[in-house]
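Each in structure tokens, the structures are laid out below.
Across the two complexes that follow, chain A remains constant while its partner is chain B and subsequently chain C.
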Partner chain A sequence: MSRIIAQARKELTQLVRDRRALVLALAVPVAQLFIMTSGISLSVNDLPIVVQDLDRSAASERLVDAFRSSITFHVVSWPDARQPEEALMAGAARAALVIPEHLGRDLARGRATPVQLLVDGSDANTAQLVSGYAQQVTRAYDSAEHGGGAGQVLAAVRLWFNPGRSSTRFYGPGIFVLVLSIFPALLASLAMSRETGQKTILQVYVSNISAHEFLLGKIAAFVVVAIAEGLLLAVVLRADFGVSLAGEPTAFLAGTALYLFCVVTFGTLIGAAIPEQAAAMQVVALFGYLLVFLLGGLIFPIENIPIPLRWVSNAVWGRYYIEIVRDAFLRGGGWAAVWPQIAAIAGIGGVFYTLAWSRLRRMQLAV
Partner chain B sequence: MAATFRGVSFDRLRALARKEFIQIRRDPRLAMTILVQPIVASLLIGFALNATVSQVRLGVADGSRTAESRDLVSALGESESFHLVGGYASSALLGTALGRGDLDAGVLIPVDFARDLERGRRPTVQVILNATNANTAAIAQGYAETILEDYNRRRRLDGAPAAPASGFAPAHSGSVQLQPAFLYNPGLVTSWFIVTGVFGLLMVLDTSIVASATMLRERETGTLEQLLMSPAGTTEIVLAKFAPLFALMCVMIVTVTAVLRLAFHVPFQGSLGLVWASAALCILCGIGIGTVIATFSRTAQQALLTAFFVNPSLVTLSGVLTPIEAMPRWLQPVTVISPITHFVTIARTALLKGGGLAELWPHVAALAVLTLVLLTLSVWRFRKQMA
Partner chain C sequence: MAAITATALEKSFGTIAAVRRIDLSIEPGEIFGLIGPDGAGKTSTFQMLAGVMEPTSGEAAIFGRAPRDARAVTGYLTQAFSLYPDLTVDENISYTAALRRVPPATTADRASRYLSRFGLASFTSRLAGQLSGGMKQKLALACALVAGPRVLLLDEPTTGVDPVSRREFWSVLAELVADGLTIVVATPDLAEAERCHRIALMHLGEIKETGTPSEIRAGLGARRLELRTPNLSEAEARLSPVSSDGALLDVQRVGDRIDVLVRDGREGRRLVESTMHAASLPITELHEEEPLLENAFVATLRRLGHEAAEPSWPFQHARPTPAGDVALAAHALTKRFESFTAVRDVTMSVRYGEVYGLIGANGAGKTTLIKMLCGLVAPSEGRVELAGSHEGIRSSAVRQRIGYMSQRFSLYDELTVAENLDFFAGVYGVPAEERPPKRRWVLEFAGLEGRSDQLTGSLPGGWKQRVAFGAAIVHEPSVLFLDEPTSGVDPLARRSFWHLINRLADAGTAILVTTHYLEEAEQCHRLGFLVAGDLVVEDTPTGMRRRQPGARSLEDVFIAVVTARDHQAAGTEALA
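After this line comes the complex of A and B, so read on.
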């Protein structure tokens, strides 16, 4: 035990000595969480739209007003002489509403009147949102105009768990996971590969420390750093984005401890396997960043990933932690909801530790 | 500037450039970074990141249990957008299933649904959405409302419930019928948006990583001093260092273009020349960013940590994966400092919409200015370091 603590203290001393790296290790994750949580969102709430009113009747003006007063659209002025498509081409608007002549007359005569909405489809997701929002606006317009028909079914939409439809509440916890997946692993792998690269590992081999003690000491040191990072991140999430824990936290804390162990062990394993720092870093980046980002369900749902890739996502440790963190921050389901995820992380962490230990257990140079 | 160019000898330049080429050729990982990695990355990102909302898991608590309510349920179940998981006996059970995460959406049909309809009242159906993911919830809400609208339209038309039919029924009298037409991408293929973004991302980030790695290696192995002792001037060293890298990275432009065309069938409506020229500017920006990072850091560890901060932030601020308009107001103006922002606008407008220089000149100009600034900065830093 005392040897584990000694090893951990040595790691921390080494880290603290490089002041700039220490600042980067603590400040960079926070800055990144802030920028990414602020920046990542798929829900556009301020859509520029061009309206061409060829009718100019009282009814058409009211329709234009309905769009003007909606929160999601803002009407940009566009000369009638120019084609509305040009506004989409120039990127001045996301959609163009073309109100035909005689709209007012046709509506008064009780005819169904088509109104064309040209949507910029180059961003398919936003295009879908635009057409959905526009339909909501015209539906509201219709029922305001003639009160809707009798015997019609109305929909009352309830948004659970996130009534304000805030994106930060969804992406914030995901980015918390992304940042915690990469930086602790990076620091651990750099420290370990430096040990092998500069041959200081030989001193470890000749000392009386065992492979378990050596590994646990190293891992403990970087888990401490990771906990410091995690606390800072949680404070930022709470202070700047109002995301805080819902429900009882023991499941989340247990999951976090296991996840940080898993991530740091992964970094140590890669560092032990690859003595060159830059190469070790690239491997950690590939797994930590790309896989968590792509296959962890961070921005886009895992269900949309094509089948063979979705199988791969079952082995991505960050994926389980994202589910734990989202549950803890948004739903508060506790142990009952997330115990399989916690077990999965413990399993993957155990595999990493066994691999790292079997690499080092002989405490000798590989021949 | 003219004075510094006076001493440039083309023989020396050629010799230095050859040395760089040999170094690059000896490093198999670099070739991987330039050839294999862009292909794998664009394929992986293009296929894995997909915002399409389909097969929303839907649960129904049908309190009415009548022909009318079953008609509505089957209309929901038959739609491609929803996947009917099952029926729930009560709203409480439906609520627990939503809380557990078994469902994405729930529909509650009231007990007096059919009676209200018969009497000409307007019954309210509750649509409960798990809004944890705000984007999915917004799109699912649109789907549900459209299906209800169709259901209403059918009732108005028949006066009685009919078998759920797809396709358009004529709207009831005196209403506005919104007809959305999706220009440039009628099939709403989501990958086109993503892969055009990834194009820009790869150009800038890959180049910056390679550039900073070659710089750092030269310094750590101490060969930078040897270069300084040679008769070559700083301008020659800088030029010879960047030119081969630039040439190699241009290979990447062609590879990624091929992936876009062959794997994702991105339509090439506009000028490919314009896109390639902008991509070349992006590579120069990448060289600039990489050099600046390398010259500002003392150790590889510092450079790597800095790169890990700069690169994801650049990606976030560039509208590569998510639209810039979705960012908060204060953040939107910041995006103009990222070269990737301008490149993705150029690539999307030119490739998908068929736009040309007439629409895109502000972005091309901004990209050129950024390139100039970054290159000047990097040459200045490089010289300072060698002095």
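After this line comes the complex of A and C, so read on.
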């Protein structure tokens, strides 16, 4: 035990001495949280749309007003003489609304009248949203014109957990997971590969400290750092994005502790396997982003991942923690909801630890 | 019981045998030297003795126990010192102590004792990374000692450490051994080997000879004659044929003298005198000395059939400038970096045909001076003259006449030897028809005939160094800068290096050698001692020795100069 403490104390002292590592440990994660939560947003605001009103009746004016007053769209003027497609080509607008002649007259006669909406489909996701929003706007207009006529079925949708559909509430916890998946692992891998690179590992080998003591000391130090990082992020999430824990926190805390152990052990394992710091960092960052970001359900629902890759995603430690964190911040289901995820994380962490230990087990130079 | 034993100890990495069946038996209280060039297998041997690497076969024991189980009584100082640069002196010691479960009170007690003994007591809160080479070495030793070991393994502890610190270090070792410690020290430096009780000469993974330094010298059965004469190259040329018929064992130019090895002192003298007389060459001085360890090492290697090639250099171009003209000069050169003066008012010159040695500890200003001399750094004050130019010493015409080789000279590791040589020949604009004979020459010089397709990165250090040297002179420079050209190469290769350097000088090349190895200083025609940015004294190696009565080696002279300088500096400080 005394050696584990000595080892952990040494790691922490080194970290405090190393300005760059300290920035990497604390400042970069918070910056990343800010950039990513404000940068990634799947809701659409202020999309430029071109309107060509060929009718110029009171009714058509009201339709244009409906678009104008929605927060989603921002109506850009476009000369009638020019084709609306040109606006899309020129990048002046993401969509174009063409109102045919006689719209007002046809509506007054109670005849169904198509209006044309051209959408820039080069960004598929946005296009999907644009057409959805545009339909909502026209539907709203429709019902306003007809005072909610009989026979019309309105789908009454109510969103749970994230009633404002605020993407911050959805992404904030996700970024929290991403940041905690990468930075503690990076620090741990740097510390470990530096030990081999600078040959200080020999000093460790010639003492008879065991592989367990050495590993646990290192891991403990970086779990402490990671917890500090996590607290900092949680404070920022709460203060700036209003995201806070919903419900009973013990499951979340236990899951977090295990997850940080798992991540730090992963970093240590990579650092032990790759003695070049730059290469070790690359591998950790690559795994962190690729696996957690792409296969962890952070951006794309796991159900959308093709089958063979979905199997891979079962081994992605971040995937389980994302579920724990979303539960903790949004649903508040507690132990009953997330115990399988906690167990999965413990299992994966155990595998990493065993691999790292078997690499260092002999506490000797390889070959 | 022997403190350390090794029986048929062997270590291979893949197909490469690093250590080949060595046997050792080291007694308690002994300072045992493992002497050999880079790549001799010293570090692998140490790692096996320290219990951090399994031998491929054979056995080692520390006080009768397997090295792995004896780690508690073994202190191991690695070549890189294995210190944590971002921890303080105190933190380094307490971490190492905690790893070895030393009780804190004992740690504090031992740390204060060793740190004050090593003069580190006032630096306990300084970061290890900010210590000088000599201080790092002492801290590493303190870390190894804090666990109270019975055996100390020191892997090249004095590499990169200045001569003064090196001498202090050896006196500490002598004290530790007096306290009953057993010490094994590895070094490529034959002058240091003299300080060991017993030594083993190691070459290519094998121990060639074991004994006390005087036994090994005596085993040579020879005497050494030092010959001083104004015309060294002519004298060498006359004496060498005599040596090859066996009457003289060996003839070697060493700086401003010639060393002749003979079976019998008197007979040898007579033979040298008559040969010189027959060639009407004057003898300034001829006297008999003990042979050097280097002589013994070279003789042993030769007896075992090793020989370094000394092919003749295919010169293509006559020297445009006569020997004796100034090739390179510094006039009152000063370089300041903010408040720190790296080089202060240095005036010196190197002539064509001369090998000038700039000797100084690390941090004495050698590198800054060299950088100014070849135009890489502008001086704060003073003037540089290079190959006849005062202005535009970075012009390509001037650079074409300069060659540079450092110990860490960058050959491209991922190119083959031939590709490297072609690249440098191309960079220096060597005409295509001259390249094949030059390439053949470099390969022969490096002992790499038929292996030109080998990747440079896979070559052991000594070979690489010879290829690097070849690459530095393919364009036949008239001014050659050499930074520690022969550190770490084996004695045979060292001889062929210096033989070639002397030949280049004879052909009119001006050669500036910078080094802190006094073995290399010995080989120069003229020396300048650089201490803390000042060129303190200039003289021939023989003249240097005479300046310091009672000095047995150049190292003694250098240390005396540095110490005098320190006293002077301390005096000035006290006055101010």
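Definition applied: the second predicted complex is superposed on the first by the 361 of 367 C-alpha atoms of A that agree within 3 Å, B and C clash if a C-alpha of one lies under 4 Å from a C-alpha of the other, contacts with A are read in each partner's own complex, and residues count from 1 in each chain.
Operating definition for what follows: a contact is a pair of C-beta atoms (placed from the backbone, for glycine too) under 8 Å apart; a residue touches a chain by one contact, two chains touch by 3 or more.
In this text, all values refer to a predicted model and were calculated from it rather than measured experimentally.
Asker: So, A:Ser358: does it touch chain B (first), chain C (second), both, or neither?
Answerer: Touch status of A:Ser358: no partner.
Asker: In the overlaid three-chain picture, which partner chain does A:Lys10 touch, first (chain B) or second (chain C), both, or neither?
Answerer: Only chain C is touched by A:Lys10; chain B is not.
Asker: On the A-aligned overlay, A:Thr113 touches which partner chain: chain B = first, chain C = second, or both, or neither?
Answerer: The first partner, chain B, only.
Asker: Once the shared chain is lined up, is A:Ala134 touching chain B (first), chain C (second), both, or neither of them?
Answerer: Touch status of A:Ala134: first partner only.
Asker: Where does A:Asp18 make contact in the superposed view: on chain B (first), on chain C (second), on both, or on neither?
Answerer: A:Asp18: touches chain B and chain C.
Asker: Touch check for A:Ile182: first (chain B), second (chain C), both, or neither?
Answerer: In the superposition, A:Ile182 touches chain B alone.
Asker: Should A:Met36 be classified as contacting the first partner (chain B), the second (chain C), both, or neither?
Answerer: The answer is first: A:Met36 touches chain B but not chain C.
Asker: Counting touched residues of chain A, say whether chain B or chain C comes out ahead.
Answerer: Larger number of chain A residues touched: B.
Asker: Need the overlap of the two footprints on chain A, from chain B and from chain C, as residue ranges.
Answerer: Residues common to the chain A contacts of chain C and of chain B are 18, listed in rising order.
Asker: Looking at the complex, which residues from chain A come into contact with chain C?
Answerer: Going through chain A, the ones touching chain C are 2-3, 5-7, 9-10, 13-14, 17-18, 198-209, 363-365, 367.
Asker: For chain B, which residues count as touching chain A in their complex?
Answerer: On the chain B side, the touching residues are 29, 41, 44-45, 47-55, 72, 98-101, 113, 117-118, 120-139, 141-142, 144-146, 148-149, 151-152, 155-156, 170-186, 188-190, 192-193, 213, 298-302, 304-306, 308-309, 312-313, 316-317, 321-323, 325-329, 331, 345, 348-349, 352-355, 359.
Asker: Applying the document's contact rule, which stretches of chain C touch chain A when the two form their complex?
Answerer: 13, 47, 50-54, 68, 71-72, 74-76, 78-80, 82-87, 91, 94-96, 98-101, 127, 143, 147
Asker: Report the residues of chain A in contact with chain B in the complex, numbered from low to high.
Answerer: Residue positions touching the partner: 18, 20-21, 24-25, 28, 31-32, 35-36, 38-48, 63, 85, 88-91, 94, 103, 107-136, 138-139, 141-142, 145-146, 148-163, 165-167, 169-170, 182-183, 186, 190, 277-279, 281, 285, 289-290, 294-295, 299-301, 303-306, 309, 326-327, 330-331, 333, 337.
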